[in-house]
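First the structure, in the form of structure tokens, and then the observations on it.
To keep things simple, chains are lettered A, B and C as they appear, and every chain counts its residues starting from 1.
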Amino acid sequence: MRIKASLIVAILTGAIMLLGYFLPGAFFASVRDVMLRSGMIIGTVALLLGVGNLLQVHLRKIREQRPGHLYSIFMVISLFSVFAVVVLFGPAHPYSVWVVSEIQRPLEIGLMGLLAVVLLLAGVRLLFRRQALGTLVFFLTAFLVLLGTAPLPFISLPFLEGLRNWIAQVPAVAGARGIILGVALGATATGLRVLLGFDQPYER
Amino acid sequence: MSDVAAAALGFFLTVAILSYVLGDNVLFRIAAHLLIGVTAGYLAAVAWQSVLWPQLFGRMLNLMAWLDPALWIPLILVLLMIGRSTPRLSVLSSVPMAFLVGLAAAVAVGGALTGTLIPQVAATAVSLSPLRQSSGGVFFDLEGALSNLIILVGTVTTLAYFHFGARPRAGEAPARPLWVVPFARVGEIFLAVAFGALYAGALTASLTALIDRVVFVQQILERLLP
Amino acid sequence: MADVRCPMCGKPNAEEAETCRYCQARLKPVGPGAEPLGAAEPLAAGGETAPDWLSRLRDQGSPTPGGTRELSGEAEVPSDQEASDWLSRIRTRADDEGPAPSGATSPPEDVFGRGKPAEPSGPVPAFASSAEEKPSASAATTPAEPAAEEDEPEWLKRLRARRAVEGPPGTAPAPSFPAPQATGEGLPPDWMHAPHEDLATGPTAAPGAQPAGGEGMVPAWLSDVQPPAPAPVEPAPPAAPAAPAAFASEDDELRGAYSEKEIPDWLVSAREEAATPVDVQGLGGVPAAPIETPPLEELLAPGVLPEWLTAGSSPTPPPIEAPGEGLEQAVLPPWLRAMRPVEGPLAPKGEPGEAEERVESAGPLAGLRGVLPPKFEAEVGRHPPVLPSLLDIQPAHAAHAELLQRIVSTPESRAVPRARRRPQARPWGGLAVLVILVAAMIVPGATGTSVFARPSVIAVETLQTANLINSLPLDRPLLLAVDYDAAASAELEAAALAVLDHVMTVGAPIASVSTRPVGAALAERLMRRTRAAHPQYQTGINYLPLGYLPAGPIGLRAFAANPWQAVYGQSTPEGWDAGMIAALHASSNFSAILVVVSDPAALQSWIEQVHTAVPAVPLVAIVSAAAEPLTRPYYESAFPSVQGMVVGLAGAEAYECLNSLDPASGRCGRLGVADSMWDAFGMAVLAAVLILLIGGLASVIRRGVISMRRTSHE
């Protein structure tokens, strides 16, 4: 394994951060503080580089007049306009809030609403394509939770609410806890591989 | 006036997005590209306004701030990162990324261990005894004991389901060890319950979003129509 | 099985083989009844026998008009008997003459033995050597002579007779090419040139039989000769119109043998095409004056001699110089010209003149000049090499090839059809679902009715949240983390507004932060809507917007260590309360953390990075219904990381009604956002359940029908 400067930096950085969990001294605390704030700035620059790449792609599309470049014009104009407004007035200014409330929010909520149609169609097709015990349990659970979540007209069935609560608190928690533990184990293993130098995702 | 303009804009955008039900069309594409542009522009502006200027470039104007390593260390790293496109500096451009990855990995490992693994394992290792003690004395809680048992069995079997280690066998497809199979089957049922609850929750949330838009459009139409 | 030796290369072949497997020479004659020449002699075990006819011929010195078959225009190798006869004459003549320079005249002797017979000057074919070594064998074959003689063609008999008159041939030297040039007695007759010419130029309409005779004499055999036997069935190459000029000199001889009526057509046509520099008096007339034999170099010109004779010559055909009287260069047909290899691997290497100068010393070509060195010993058992041919490409062919090359190399010029879009799925299903849902959502608002009951049982986690808010200290700020996207704002704003309203009612200061870029704007939306009912909340006084926290878990870890430094660094906004700012320098100063999330990963980050750093600070979560299953495990624990939860619109409705429920009407006293959506929410969920139920049943029935049909077909 070739020793590179980036590898040394990654391992050293990770070691110092992990030691902070066990050595709560002031020196390590200040070093960790500098590292964390530097990481925040680096992360923000990486975010800006991503936006820059997006802009570059669409500008090239406009310049070369590839199919769909008119949509890219919309994108570029809206990007620069919003950037100018937020930079000039601030993120919490009424103008910036107006952009989020009247443009971004309707669009994103509309997409979320479309998800309801897609989920219902997928649920209907699921029973047609795959009929297994797991599918039946899935369908039954969803059915009971929906019935227990929403109110019923003219009547009230506490039994349904109680059943829905029990499903959410016991079997669903068991399954979810298994998923969460599995994800945490995977994240730990992946992080240790990076910190020990076995994986180097920062190398090209 | 601004309310009318906002309402009209919101109406147009809502209709454009919901028109996707009929298939991909020009209106939907315009709306989607508009969303991308607005989001990216807002993101870039907030990144500059809230982070880069106050914590880096704005501080550079203060000479005393140069004594703070939290200024020149990230500045060097930023310059190295920007120099990624330069052939000479591209060799060192992996250093800031390595720094960020190492930092994120350590934070993730520490957080997963202390925030999820240990507490969740501790939450699973609960007493299965139906006898509970409280200030009023000892009482029999069968439901609680059964719930704890179900949670324990469900958690263990769900973890067993994610065991994908298999030994290759001559003439046959690789398969799980035999002793894992029954646990995995039970874990599959618990996973189906969890995913069913997830599906119901996602459907509920999306229906709420759709209600918001439909009610909005309804209110606009009520204003316009006599 | 006795092997048969090839007359050309001398290699053994199977008896039944018709062509030599090494040099592709014919081993058996194409005509019926003709005996193969030369090597078509069975080899006895351990010995080589000379054919009877050869030995007789050698003894008699009688020429073998081997040109008969060649005259008939066949491109095959002449019959073995004929070939060996004239070959032996050639050899004899070559021995006498020796290697002669190009253009030199050869001794006056023809290949048919006029003059001294030639001694083979090198390795001779087996049949020849055996003929010399075993004269007894030839003597033993004498009794077979009569039988052999009876089998001989007529012309051969007459030839023998003439030889008998003229006398036995001496040891004529083997002719060396180019050799026959001199004219006069003993020289090969002019008609002898014809077969070589035919073989060189291609299958031409060779003239008829060329009698062997002295200059100016019409051979007796020719005068009596009968029309030649019909050509064999084997496909003969198409006759070329060209006729060698040499035929013109032989017309007088031919006339002696043929009458006008008996002249075959091929001979007539050849005569017509041939140039006649020499006045032919007629076939039956007095023989013409002695015809001068052209020099051997002319015979070796590409258009004269067969290729197998001129193979050793220069690869580039030497220019035909001084063709001599009566000789006219043959014209190759275009198609044949194109096939003629200009170069080949058998082309002799080295100086062009070297191949010409080398005299073959063994084999049937002994004495010939310019013969290729024998390589066949090295190629025994190997397939004949694939000869690369650099063809003589005609301009038309080159143009065609170039056109083809252009067609192949030119990229597709015609418009490539645009990739057909995959036909979209019919939108009727989605449209129908959308219409049903929209109709269900509109009905309560349109009718103004409210038929859905409010939640009567408040969830434990919601109650705990309310209790926690009620117990908040007023000297420390509540941290409001707005970590949801605009898409989930419709659902989460209802719960967040209800809880915030409760917090503001309690009077606890609030500090807001977000790990999402739009979080600041969404937090401002929340504050703007709640400040309407609580105008005492002012920015910098009891509401501190801390802004955006970048880099996810890294930023949260930094925030947990020092919130103020993580957000604002060293700068301080003007007009803010110093006490509040001072409280923000440590995350433990927060009274509680109220996290509003739509994504379970966001809550997990807050728990792992902030709550683990300050476990004493209670954490309450307002989560979307979609995130509830994966966030509830943090609450459902003996040591919960989350002390309270408000889930989705139902939780918001429950929270709104918590303190304001009117028992008489069953409705909440204070209408909130969740309450305004509650009826539509109930109708929408009911419609969704019915869609799932009916659609699911239909799917099951349809699947069953399809399965039944499939089994019935089977």
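The rule is simple: a contact is a pair of C-beta atoms (placed from the backbone, for glycine too) under 8 Å apart; a residue touches a chain by one contact, two chains touch by 3 or more.
Quantities reported herein were computed from a predicted structural model and do not represent experimental measurements.
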Of all chains, the one whose CA centroid lies most distant from that of subunit B is C
Larger contact count among B-C and A-B belongs to A-B
In whole angstrom, what separates the CA-based centres of subunit A and subunit C?
49
Distance from subunit C to subunit B - Cα centre to Cα centre, in angstrom:
51
Distance in whole angstrom between the CA centres of subunit A and subunit B is 3
Per-residue overlap in subunit A, given as positions that touch at least 2 other chains:
33, 36-37, 39-44, 47, 91, 96, 99-101, 104, 108-109, 111-112, 116-117, 120, 123, 139, 142, 146, 149-150, 168-169, 172-173, 175-177, 179-180
Find every residue in subunit B that makes contact with two or more other chains and list them.
18, 21, 39, 42-43, 46-47, 50-51, 55, 100, 103-104, 107-108, 110, 112, 114, 116, 120, 123, 151, 194, 197, 200-207, 209-210, 212-214
By the touch definition above, subunit C meets two or more other chains at residues 430, 434, 437, 487-488, 490, 517-518, 520-521, 547-548, 550-551, 554, 557, 604, 625, 628-630, 633, 636, 648, 650, 681, 684-685, 688
Sort out for me which residues of subunit B touch subunit C in the complex.
18, 21-24, 39, 42-43, 46-47, 50-51, 54-55, 58-59, 62, 65, 100, 103-104, 107-108, 110-112, 114-116, 119-120, 122-123, 126, 151, 194, 197-198, 200-215, 218
In the complex of these two chains, what residues of subunit C are touching subunit A?
429-430, 433-434, 437, 451-457, 459, 485-490, 517-518, 520-525, 528, 545, 547-552, 554-555, 557-558, 561-562, 565-566, 604, 625, 628-630, 632-633, 636, 648, 650, 678, 681-686, 688-689, 691-693, 695-696, 698-700, 702-703
In the complex, subunit B touches subunit A at residues 2, 6, 9-10, 13-14, 16-18, 20-21, 29-52, 55-56, 69-70, 73-74, 77-78, 81-82, 92, 94-110, 112-114, 116-117, 120-121, 123-124, 147, 150-159, 161-162, 187-197, 199-207, 209-210, 212-214, 216
In the complex, the residues of subunit A that touch subunit C are 29, 32-33, 36-37, 39-44, 47, 91-92, 96-97, 99-101, 104-105, 108-109, 111-112, 116-118, 120-121, 123-128, 131, 139, 142-143, 146-147, 149-156, 158, 161-162, 165, 168-169, 172-173, 175-177, 179-180
Subunit B partner, complex, touching residues on subunit A are 4-7, 9-18, 20-21, 33-49, 51, 54-55, 68, 71-72, 74-83, 85-87, 90-91, 96, 98-104, 106-117, 119-120, 123, 133-135, 137-142, 145-146, 149-150, 167-185, 187-188, 190-192, 194-195, 200-204
